Amino acid sequence: MNCHKTLLDTYAHIMSIENKGNVADYIPELGKVDPEHFGVCLTTNNGIQYTAGDAHIPFSIQSIAKVLSLSLALSLEDTMIWQRLDVEPSGSAFNSLVQLETENGIPRNPLINAGAIVVCDILCTHLKDPKKELIAYIREVSNNEDIQYSEIIAQSEKSNGYRNYALVNFMKSFGNIKNDVDQMIDLYFYLSSIEMTCCQLSKTFGFLANGGKQLITNKEILTRSQSKRVNAIMQTCGFYDEAGEFAYKVGLPGKSGVGGGIVAVLPNSYSISVWSPRLNKKGNSYRGMEFLELFTDTTRETIF
Amino acid sequence: MNCHKTLLDTYAHIMSIENKGNVADYIPELGKVDPEHFGVCLTTNNGIQYTAGDAHIPFSIQSIAKVLSLSLALSLEDTMIWQRLDVEPSGSAFNSLVQLETENGIPRNPLINAGAIVVCDILCTHLKDPKKELIAYIREVSNNEDIQYSEIIAQSEKSNGYRNYALVNFMKSFGNIKNDVDQMIDLYFYLSSIEMTCCQLSKTFGFLANGGKQLITNKEILTRSQSKRVNAIMQTCGFYDEAGEFAYKVGLPGKSGVGGGIVAVLPNSYSISVWSPRLNKKGNSYRGMEFLELFTDTTRETIF
Amino acid sequence: MNCHKTLLDTYAHIMSIENKGNVADYIPELGKVDPEHFGVCLTTNNGIQYTAGDAHIPFSIQSIAKVLSLSLALSLEDTMIWQRLDVEPSGSAFNSLVQLETENGIPRNPLINAGAIVVCDILCTHLKDPKKELIAYIREVSNNEDIQYSEIIAQSEKSNGYRNYALVNFMKSFGNIKNDVDQMIDLYFYLSSIEMTCCQLSKTFGFLANGGKQLITNKEILTRSQSKRVNAIMQTCGFYDEAGEFAYKVGLPGKSGVGGGIVAVLPNSYSISVWSPRLNKKGNSYRGMEFLELFTDTTRETIF
Amino acid sequence: MNCHKTLLDTYAHIMSIENKGNVADYIPELGKVDPEHFGVCLTTNNGIQYTAGDAHIPFSIQSIAKVLSLSLALSLEDTMIWQRLDVEPSGSAFNSLVQLETENGIPRNPLINAGAIVVCDILCTHLKDPKKELIAYIREVSNNEDIQYSEIIAQSEKSNGYRNYALVNFMKSFGNIKNDVDQMIDLYFYLSSIEMTCCQLSKTFGFLANGGKQLITNKEILTRSQSKRVNAIMQTCGFYDEAGEFAYKVGLPGKSGVGGGIVAVLPNSYSISVWSPRLNKKGNSYRGMEFLELFTDTTRETIF
């Protein structure tokens, strides 16, 4: 199959149909983006990149970064982290708070907010300067020294983050937060502010399509076993209350962010990223979902 | 890799460690089984079977049959069924009732009880003699005329099935049950009573490892697209509140039943079944889970 | 204070302001009533009745009858009934199902549907011909042989009662229903179909304003202690999710029904009934609530 | 009836039966109290006090103080406060968080933690030095300049108050907290730390038995209407998930605290306080509940 042609054809088709949904505006900064941006980049395991559209414009990857903080936590503590986190899908957002209550402050998985906060707490326990060391790790995984936090997004998250303050205090009441609340929640807000282009994002996630090893350099980011498990978690928990829909329609492990980005991997083959800011009702990129469904329907390659 | 040797070695290892958990006894009949049974059968896509232990003793496949009723419904209505069912994981059992309430009687997915009841209702709408036609379909998929309902299990389910009567009436109050309650719930209880051996079970599920086509005969049970989607649903919803754990540890789409059976598939490769009646706290076969984790760790072949 | 004048003035004032809300139509029969009916009757403990408006037109008292079935159950088993029922307010309707789950099938109180169903089950255990004996009891309490079930309402309830079938089966799964499901739920639907006029209703409830003794005859319907406790339960649980509001604004123990009726008592003084079919958002008679708030504001006599 | 003799007899009887339950220890300071303390004081509306046992030993009144902050808020804003608070019972503690979510950050009533926090926020908006002015108000209501915050209890609450920090941030995310989080939550922790003896407590609450007017001085603390409504709220919401039970068994409006105190009023007659630190499973004083049930059974005077 001519992968590049399929990608361009799919892109053209999705561009030709109506774009739907709204840009996230729970923080003012996110609402300022042009809703019609649309970019795609596929990186094969041998490092070739195919792109379409706005693949070189940086955007806020938001929750997608939770996969990278999870990877760092796995590098530091391996399976020890599962004493403080579960790996089950969370159902509707509505349930996540109830489940924290009934499950004694143990978040359902590391990709929902509560779980990513616990991951940040784990990082704070291990790192001397968590904010600095986290971005250094992400630059290393990306093999790109230019990746940065957005100070303006981080501050905007912080001044609108009362629900996250509630989560962290609630988990602290169950003893599942070990570090000082204010310091560690700061790390969480910075994590959410990272910006990448589609090309940077798909290249960064290449290690999850490559058994845990960085593309080209073959440097081990995660062991093969850890890498496979991160993919499993993305598969079951990566799309809020649309994980089942994504598995059903697309059939690749992946993760979305409210900035309109989605990244997905076909193990042993490629990593692909899409960015389009309008979100469907479940909070995932409308065009991102449409694109990936059509693309995998055409290539007929999925994990299932 | 010598697949048969790995299977035998894994079997021997699991046999050598302590068996844990309890046999399901919510209906008296299930409680009568010998808790120490343990059988395995792997069927490759070219029809070769490798077995270990009690692979030829029939057992109650229970909820595993929900995948087969779903397949029949997909054959009859294809994607139309998703107007009355969702494809999302359900979280804890506790939530399923709440979610039915907040989601207007639409079950989270076709593999939880509420969803399988709606599937039975769909079948009742299409079939003249649903009970007879369903078992005929399952015999056809299995390529085995000996597959039967267990009258004694069906009656036992029925006389202890108040919670299922509650579910069906609750959904009826939302208009999501179209047929007469008593008739259609009867079909559901018979569906839960089907018995197979490990060898019959893994052979039956071979079509899901084979792009929807029956092994050997290549008869189309489901289209490739439908087959891939059934696998996706098993992956996200097949293990009650342990779907994430199964994805994480085993990494294959599959389905378990409270009779202690588990079936899983590696697309394009094989279908495997395990049976051991003692269940862990989440209601899945203790040895079944242990066996499949060790087996896939050894073969290093998973969908991730 | 001139009680009759206050009643007439209050009636006139409420008539002069806009009537709001909608008539219940979850069963077709209830939806057929003229929404502008408005009647009031106050019966003093010495048997004098003051009326205004449509006080002599029969209407469906619906859930108000749950207080009478509770009284009969208390006569039969006294405090033994609390082994199968609680006396706590239920919060929002939404919670009642969740609470049944978390509290093992024990309804929160005898005035919500689940609780009234358990009360009917208790009656079925004691009575040979429950339907006949229940109406006989209610006629005795009312001192009126004309009180009747409405066959047409009962059948309408039954053919729309899937949610109640769900409740009874759900509780049966916890072992909190002892009798045959179909027989006992029948009693429940008949209980909901009783019709009275405002004058009959306020006279019937006179015993709860009179320490458990029927007005005039002084016949003991309940002991003083039981009577006081039924009032306490009405106070905390009598108005669905508006019990607190009713306590706050009106300050009398009482019970409402979706037919638009409300009955309330001032212990040692009087019993009052109001009927107006339009319901507010919480399911209580709009004019009934308005009338009673203004009436008790004027008389300045409440239990608080 | 000889009120003093009944009080002494009841006290003696309760002393003669086994004391059950445990002292609250969620903050270390509360756990240090002698669990066998037991004191009672009844203050009649003409100012006479009858006592038994440890009626002159100060204890932490804890949540009982929420009635006093509510009174102050009503004095300042009257019914305006109900735009930010409801008056319905909250059901189980478990539900309170869910209800905050489904009801957009509006607490069920002013006597649960979330509601009392909103009341503190209202006070912070009106008062220049909230901590100082609140204690001044309570001293005025008590007619006693010696009433004080316990600095040690307040600090202990604060350093264990993560769940309350969670509540306040959660409500802030819905816009239902107007003031700076840290400052206002401080007021809440001080409110919970107030200490009184049984005699001070029953005298302080005399105004709620006296139509809103302070005993002896007849100074108006609340209007008659406000006073009646505070009683209604105590009746339906004053005993956590045991409000129905207290109404059923005791039949007086009242409020309990985890320090083992209970205060209750019989409108137009008396105010009574009991203190005994061992709590039953629902978090209310074991002996306090037993005492008040027996006392009102004997006097046969309740609001019902």
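Note that the chains are named A, B, C and D in the order they appear, and that numbering of residues resets to 1 at the start of each chain.
In this section, a contact is a pair of C-beta atoms (placed from the backbone, for glycine too) under 8 Å apart; a residue touches a chain by one contact, two chains touch by 3 or more.
All values derive from a computational prediction rather than experimental measurement.
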I need the common contact partners of chain B and chain D, sorted by label. A, C
Please compute the C-alpha centroid of chain A, do the same for chain D, then give the distance between them in whole Å. 48
Report, in whole Å, the distance between the mean C-alpha point of chain A and the mean C-alpha point of chain B. 31
Specify, in ascending order, the residues of chain D that touch 2 or more different other chains. 94, 98, 102
So which chains actually touch one another? I want all the pairs, not just one. A-B, A-D, B-C, C-D
Going by the contact rule set out above, which residues of chain D touch chain C in the complex? 86-92, 94-95, 98-99, 102, 108-109, 224-225, 228-229, 231-233, 235-237, 241-245, 247-248, 251, 253, 267, 297, 300, 302-304
Residues of chain B defined as touching chain C within the complex: 94, 97-98, 101-102, 162-163, 165-167, 169-170, 172-173, 181
